[in-house]
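One chain, chain A, links the two complexes that follow: it is found with chain B in the first and with chain C in the second.
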Partner chain A sequence: MGIQSNVEVQTEWGIVSARQAGRNLAKEAGFSSVDQARIATAISELARNIYLYANNGEIIIEFLENENVSPPRRGIKITARDEGPGIDNIRNAMEDGYTTSGGLGAGLPGVKRLMDEFDIDSRSGVGTEITAIKWLR
Partner chain B sequence: MADTFSSMQNQYKTILKKYIEDKNEVVLYQAQQFSKKILENQVSPEETVSFHLEAIDEFFPKLPEGVRDSFELLIEVMMGFGMAYREHQSLRDKQKELEAEINVAASMQQTLLPANIPEVESLDIGVISMPATKMSGDYYHFIKDENDCIGLAIADIIGKGIPAALCMSMIKYAMDSLPEQRLQPGALLENLNRVVERNVAANMFITMMYGSYDPRIHQFYYSGAGHEPGFYYNYAEDKFEELYAKGLALGIKRETKFREYHKRVEPGDFIVLLSDGVTECRTVDGFIEREEIISLIRKYQHMTAQEIVDKVFYELERLQHFQLKDDFSLIILRRKV
Partner chain C sequence: MQPSIIQMIHNQRHYIIDNWLEEINTVQTETVGNNVPKEMDDETNRKFIEMIIDTLEYEQREAKGKLRGFVERLIYSGWPLSYFTRGMQSFRSVLLETMSSGEGVNSKRIFETFYEIETWVDGIVNQIADEYSGSWENTIQLQRHALNELSAPLIPVFEKISVMPLVGTIDTERAKLIMENVLEGIIEHRSHVVLIDITGVPVVDTMVAHHIIQAAEAIRLVGAECILVGIRPEIAQTIVNLGIDLGKLQTKSTLQQGIEAGLQMTQRKIVKCNTESASSVVIGG
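Let's turn to the complex of A and B:
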């Protein structure tokens, strides 16, 4: 399956659309309502970072299917991409309690914990790309 | 063995069913016990809400649509708690790791302290040294030469915890490298001061009292580097005197001279060396007075030196509700015969 949603994030409306797109895809994929809420929350946090720090970027939500493993695994992949200022010190940003935008437990480490896989690539002055995957249990 | 997720869900369902059928305190008590189990099994708040939703969905198939939807909102609101909860767990794991690391460092630090107290026929020596946290900024040292002469030091590194502990290893190795001065307190402090002054940050310094005891002539020689004065107990007069030695703390000025004092020790006399953690015991009534320490020592003075330091420590620890505010070290050296 190659279902994919791309959502531009420039305003808070963009955050809401990205959440909605993610939740719809998660529901379709068969995630429980708790996992749907987790995926939506992860998208929300990532989109909010774009909105607050990069002004503009996009969230891509894809349906994943890996048939090379048995049993086949299905899941949702979130990609958050922007051409903003980038993160100077990724190690700090991945540390609990460092976050400047979220509250307790939020921020990038929070997103990482909500999802099963997490990857970040960021270059100062170039931009940031974060991917996160949640597999269906 | 941790309960599986679905078993937790079933347990919740059972408790909820019982409560709906017969509202009573017994079930509420079970619910309270269950909430502990939830935490043990690391079930997050949003999952707990979903347990509830699925259970009532099953018990009341005709649940009004709005009620069902309202739970979706509640789950969303619980997400923040869920994230904070998971952060808490990860910070707890990190804390455990750090603690394990510090435990290793603390046991390494213990190896810097003398493994045993030197034994000399005419002397009775007792020592206790307790860190306020895991790592200590207090240091003590004993050395005995072939003539049974004893060198002893008590030192307090300004500051506590890890920085002080790191500094302490330097003191230990510096002292080990000055064997020819171990019975000359003034010369030893002078050399030590040069090492400290060269090697530690300007804002760090060390106070020390160094003494040597010659049991052949029962003379005690001592010098001090800004250290808390000790006590000298005169047995014949049954009086405590202050054991003070003038001198700048180590690490302040490169060329510092330390005056050497000496005292003739008579049978029954004893020397008390301590760190400021002893005199700066804070109780609800404020700092403890040196007089109070003397009266504590008096209370136990019929015992052995080791028993005295142990008892005094216990009483002062108790006064502070078993929470030490500063590293605590106390040494007693008594001439027996």
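Let's turn to the complex of A and C:
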């Protein structure tokens, strides 16, 4: 629960404004400058994948606050959602160096390492939803 | 437009102008603000309304030309679009009010009259909006051009050594410019060493890294060497997290260290002079 921001990704400007929103929220939440950079970079990867492979979609950035555990946990959750072609083979896509676009193939496995939690749900012809969380330490 | 309507506007010219000037005065304090002297406002207002009414006498092309010239001048001096749109709204209501209260309007033709006036006013508003958007597009075009020139400059700092300082977001278009400018610049300045400074790049993601790696390879292909400088600590961490291998690239943490390395690679170094002006520094070698 808390502050949330949604950014539509249709052009490269969408990528820029998504990571700006993420960086602002991360700063407000009290993340270190290294973690701010990690969060902004993860958003950049997910948003660029949307732009490249699905043409358009959205990035949702939320502030998480879990009071039910002690000590209370706080963090930032990124959701990248699109209704693009989906990822045929998720296992391949998560491998370092796997790319269908002549890139470095470092985006998805990189996001998993940049963040604390990572979840990917994708169906061929339906779309892709990726969530990633960074906890405040 | 029907001659009878033109005739009517002419007959009521003073009444229309006075009424409009009164209305525009209230609009103006809201839109233009107070940074223009009142007399100038009044003069512009009068010229504007007279020009609009006068266009009835010109043939269409000429009328458009007159309007364009007038609007362009105001755009140039920073008048807001809302001055024109609100002004034309007031003009329409003043006209319609004059028409309906005035003598000589045949009630059977009142719709026709209104319709003609609406069409006339709409045409003017459309043209004004077109002039504005044209001038905006023009401005954006110019700014884009200026931005492109600024976005990836290759600067020769010493003989054989050039620096490309990158500041701001790198998108696809800019990545292309980096490659083009670096390769053209190397030839032009006969650079042996190129320093790419990424101190000002906020996020280095896989795409940016990929473009830098490709630029470095291209630099090597044309016979020069590339040194990447200005990798901030948090950027170094994210690059490692992404699993990107910059091992093949030469890197230095600061631009100064990069320049020193560049001088060394071209068999030169910076030495202190032993003359009276002991603090001055020159390049020897």
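Everything that follows uses one rule, which is that the second predicted complex is superposed on the first by the 129 of 137 C-alpha atoms of A that agree within 3 Å, B and C clash if a C-alpha of one lies under 4 Å from a C-alpha of the other, contacts with A are read in each partner's own complex, and residues count from 1 in each chain.
As a working rule, a residue touches a chain if its C-beta (ideal position, glycine included) is under 8 Å from a C-beta of that chain, and two chains touch if they have at least 3 such contacts.
Note that the structure is predicted; figures quoted are calculated from it, not measured.
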item	value
Partner chain(s) touched by A:16 [first = chain B, second = chain C, both, neither]	second
Partner chain in contact with A:41 - chain B first, chain C second, else both or neither	both
Partner chain in contact with A:69 - chain B first, chain C second, else both or neither	neither
Touching partner for A:104 - first (chain B), second (chain C), both, neither	both
If touched residues of chain A are counted for chain B and for chain C, the larger one	C
Shared chain A surface residues [contacts with chain B and with chain C]	33-34, 37-38, 40-41, 96, 103-104, 106, 109-110, 113-114
Interfacial residue positions of chain A with respect to chain B in the complex	32-34, 37-38, 40-41, 96-97, 103-106, 109-110, 113-114
Chain C residues within the chain A interface of the complex	169, 171-172, 202-207, 209-210, 233-235, 237-238, 241-244
Chain A residues touching chain C - in the complex, by the definition given at the top	12, 15-16, 19, 33-34, 36-38, 40-41, 44-45, 48, 96, 103-104, 106-107, 109-110, 113-114
Interface residues, chain B side, partner chain A - complex	46-47, 49-50, 53, 72, 75-76, 79-80, 82-88, 90-91, 94
